[in-house]
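Common to both upcoming complexes is chain A, partnered first by chain B, then by chain C.
And now, the complex of A and B:
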């Protein structure tokens, strides 16, 4: 075989080439079989939905999904042969599964908005519950005191749980001391502690013994027990992902272990650590049981986190939702909506903090 | 480049002469680092046995040999990185400025500060900018030196990267290509002003142009510091080194040094048949 050289006289012809996407072209049999596989099950489902009395979820799960699976399988068999069948089944199940979870999520948030917005107003966000009884008009009172309470309790729990959680993760992944297996075992066991037990623990050890009164501090400590294992385990996973190269690289520059962790490993894991904190926050923020036991109840705005009983969104919801008066129930919905929005805001703040700039 | 293609030509050997290799009759060079009877274990497995190499001050020594013969392990014992691996053990001593770096009163961070290292895989710190990476050694070791801008420019120039990055020193180190990242970590290692620089196959992932730049850097640096480089590239060993040590490990046996000496001798007139075979690409 002889060598060839680029032919310069073909240049104009080559430069005139059009952009194409040949991989998008499908044979007609593929187009047709896929079109039929989409239309036929959908049509049958539509008929069942609108002209029979079979409940909608049963139509979708019992009739539509299997039909769609079979139709996709047949279409794959026709257009791609036998090796396409498994592909099509996975495709249908994956899309079906994601739509299902999306529907659940959207209907949940939708219900929350529909019911919660009735209570929503500026005064609902900023006023407290003093002078309000379950029958008072929705034009008066709000959850400002409960928002403040929840923020205080979560903040206090973060102060305790985040440093301890990250320190635990550093011990397990960076220090690698002898107690690692035991530490991991206890952290794992702790993540199985029911939230009400965390509340009972604080109640018996700190409140009934007289060391603390019902307060945001007590609530924060109970939350910290729940938050700690989530933060520790997530941070551990994240630190494990940091390549060993970076640690050796830093040590090879004459760095101490502590500086390696603080200046190289933790900054490299920053986004993941923030995720760990967010997950820890999300784990506790809606927990009701421990707060019912340890923070007491208050209708007024409390700013003293150490000794006064305080309200929080979960306990406010709990107190209002089982009242026989529609206005109280609507207030509970409104508080639930506020809680979800609060979680959303905290997520966004964490993401912005996580982005950061390099030094 | 595969070693099988290498034939030592008159041309390459001439180049060694041009570089000015040590010749007999000159006074014995001052020894900066001296490994004596060094044996190394991973768990119960002995991977190196009785290595004796003396590294003359301000010279370049190439460590060659087939994969798995313990070159990288050896180089990591020279700045006490070996001990970070669980199950690591060691016998013998490594003398630096006359005292054993493994004696109990020596602080390993101090040793690593004086004996820097560049790894096979570029490992810039992703959370820092290019500038931050260069200065990271100073920060990590807690060294205060004025004129950070000068340090950044000097070391990046020495590593042959300055012109490519001078307009984006604040950019993330993750944006650099493999070759650029490797030159960045060389600059980072130089910024702490080590007396010795260990390089573990620094060019194995680089294109020929970057490799050439790094080799030029090595020659330039060897005026002031001692360099020990592991390489699988025979021509590179010939081009950059003054001395060469040939490592070899028989199957299931620990590695040892078969032959060592001036690079011209090892490549031009080896005494051991195995060395001759290896440098001529007949095995390994």
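And now, the complex of A and C:
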């Protein structure tokens, strides 16, 4: 950087030079060999795929992959010499591994939209499932009751998990008591609790003991167990980013410790805290196992959170997946699409809020 | 040159003389121990259900594999299920670890920044897909090609014991279930490895480039050793998630009460979590529910151990890196 200070007049010129990166310049032989190394194995594989009866997976694994590795190795040998060969292998493998993950993801999202849209209509979003049996035409009924149920359960879990999660984060970053390492340890351990175990816990404590019947409240409590660690950990990260000067400044002005936290630190971290909440919601919204155990099942729209069994999107999908009737399965795909859209909305909100975060 | 360290006073202890502050501190401290209370609650309440089961059946509940409550005395054992959970997780790891590490390496060291950014979002998206949707997809989309792969494996590599299949039924195999777990583990392992690898000090990378290292040598001798602890921790966290996975496995794995030791493309296997869901619907409120709660207790203990180890590894590397 010192050169730029002394040669201010030449600054644009130097920057332009830097941007060109002469050491990264590639000789034409490199470009050509890479192009050939990409095209030749693909062409051979395509010929084998379309003109012979060798099964596709065999062509890919036995022919294409080794060919691609060899071709890349040869290209590297020609253009960069002996030391390039290992490099070419790692490049091919890394790109291949990335494509593998991408193919899975695209297949997942693609089939979800293709199959889900078949069930989609306005009435699918607003009607419930009361007069519907697995063979009813897709023109009737929908997942309105399940959407409401999911929202109700998530709202209840937020009532419990958000205050406690944020309090945990405040304890770690603001109160800084002696037990900080232990609290962090317990929160991390809690984040590993399997969702089915959270469901079993609520089932034993509240439902089998007779304190509650299957209801949205029980589901919300099970979700809260899963949501709490996410909220606590994200909020902790966010509170750490608040400059120490704000705290000392507030204290110097005579504010009490509690007021500093409630009136200065938390408002300063507002968007981050909301991100924590949104991520917590996204973490739990698709969890199925705990709800299967504690909320029961319902086809009608229920809004009583305390005593009536209720439906939710995950349990609705679960109930419809392995039915032998195509219409029921299409309904499951439709509900899955609604669910993934809800998750997507939450993530977009978190992204937008997280963008302005101080790094 | 001597630097005078400013003495920071612990603001926290200084300000507790105010009454409002004392109340605030106490409330926050109490709430902060909720995590401990919940963990202790799970241990106590589910443990209390496991005790009568162990009294009734003895250690055979953990060492045998059966589930028949119609005979007298009833037999139940979850060894096959516990072992199945581990087997599925191992299959998942074998697929997920290379894929996730390669993806992370690609994102950090090879892809142009814009591509890397898009990939990061996609990996986050993948992590956010609920397991019931992955199960739905696996049930209707993945099983088709997976059966074809398994048939080919059986045909050409059937002489290797793990690819043995005598029933001719390639549905509901540990391989498919393990593949599904891999899909769930890939985003977890990728995002942690990406995080760790992207914190490799640039001066180390620059130095290795200046010494003439190629990408492979740099990865092998600089980046991977540097991030090893974090990557192992990430793998353990993925493992913890895989052990507790329920719904997707429920759709794609045929539960059998025999130990399927290693025949990964033979129909039938075990998983504690999906045992709980599959038996819960028909369970009567008495002994069978208790059996399931006990299974949940041992699943909890198993995942807790894995997660604690994982977090200790990640925490230790974090400290080393800072």
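Things worth noting here:
FYI, the second predicted complex is superposed on the first by the 243 of 359 C-alpha atoms of A that agree within 3 Å, B and C clash if a C-alpha of one lies under 4 Å from a C-alpha of the other, contacts with A are read in each partner's own complex, and residues count from 1 in each chain.
Here is the rule we use: a contact is a pair of C-beta atoms (placed from the backbone, for glycine too) under 8 Å apart; a residue touches a chain by one contact, two chains touch by 3 or more.
Every value quoted in this text rests on a predicted model; they were computed, and no experiment measured them.
Judged by the touch definition given at the top, the superposed model places A:133 against neither chain B nor chain C.
Of the two partner chains placed around the shared chain by superposition, chain B is the only one that A:270 touches, whereas chain C remains out of contact. Of the two partner chains, chain C is the only one that A:232 touches; chain B does not reach it. Contact with both chain B and chain C is seen for A:251 once the two complexes are overlaid on the shared chain. In the superposed model, A:123 makes contact with neither chain B nor chain C.
In the superposed model, more residues of chain A are touched by C than by the other of chain B and chain C.
In the superposition on chain A, no contact is made by A:31 with either chain B or chain C.
When the shared chain is aligned, no partner comes close enough to touch A:300: not chain B, not chain C. Shared contact residues of chain A with chain B and chain C: 248, 251, 256, 259. Within the complex formed with chain A, the residues of chain C that make contact are 10-12, 15-16, 18, 20-21, 23-25, 27-29, 31-36, 38-39, 41-42, 45-46, 49, 98-103, 105-107, 110, 119, 121-126, 128-137, 139-141, 145, 148-149, 152, 156, 183, 186, 190, 214-217, 219, 237, 240-241, 243-247, 251, 273, 276-277, 280, 285, 289, 292-293, 296, 299-300, 303-304, 306-308, 310-311.
Looking at the complex, you find that chain A touches chain B at residues 243, 245-246, 248-256, 259-260, 263-264, 267-268, 270, 358-359.
Considering their complex, residues 79, 81, 84, 109-110, 112-114, 116-117, 119, 121, 123, 125-129, 132, 136-137, 139-142, 170-173, 185, 188-189, 192 of chain B touch chain A. Residue ranges of chain A in contact with chain C, taken from their complex: 55, 57-58, 83-84, 86-87, 89-91, 93-98, 100-102, 104-105, 107-108, 111-112, 115, 163-164, 167-168, 170-172, 174-177, 179, 182-183, 185-198, 200-201, 203-205, 208, 225, 228-229, 232, 247-248, 251, 256-259, 261, 282, 285-289, 292-293, 314, 317-318, 321-322, 329, 332-333, 336, 339-340, 343-344, 347, 351.
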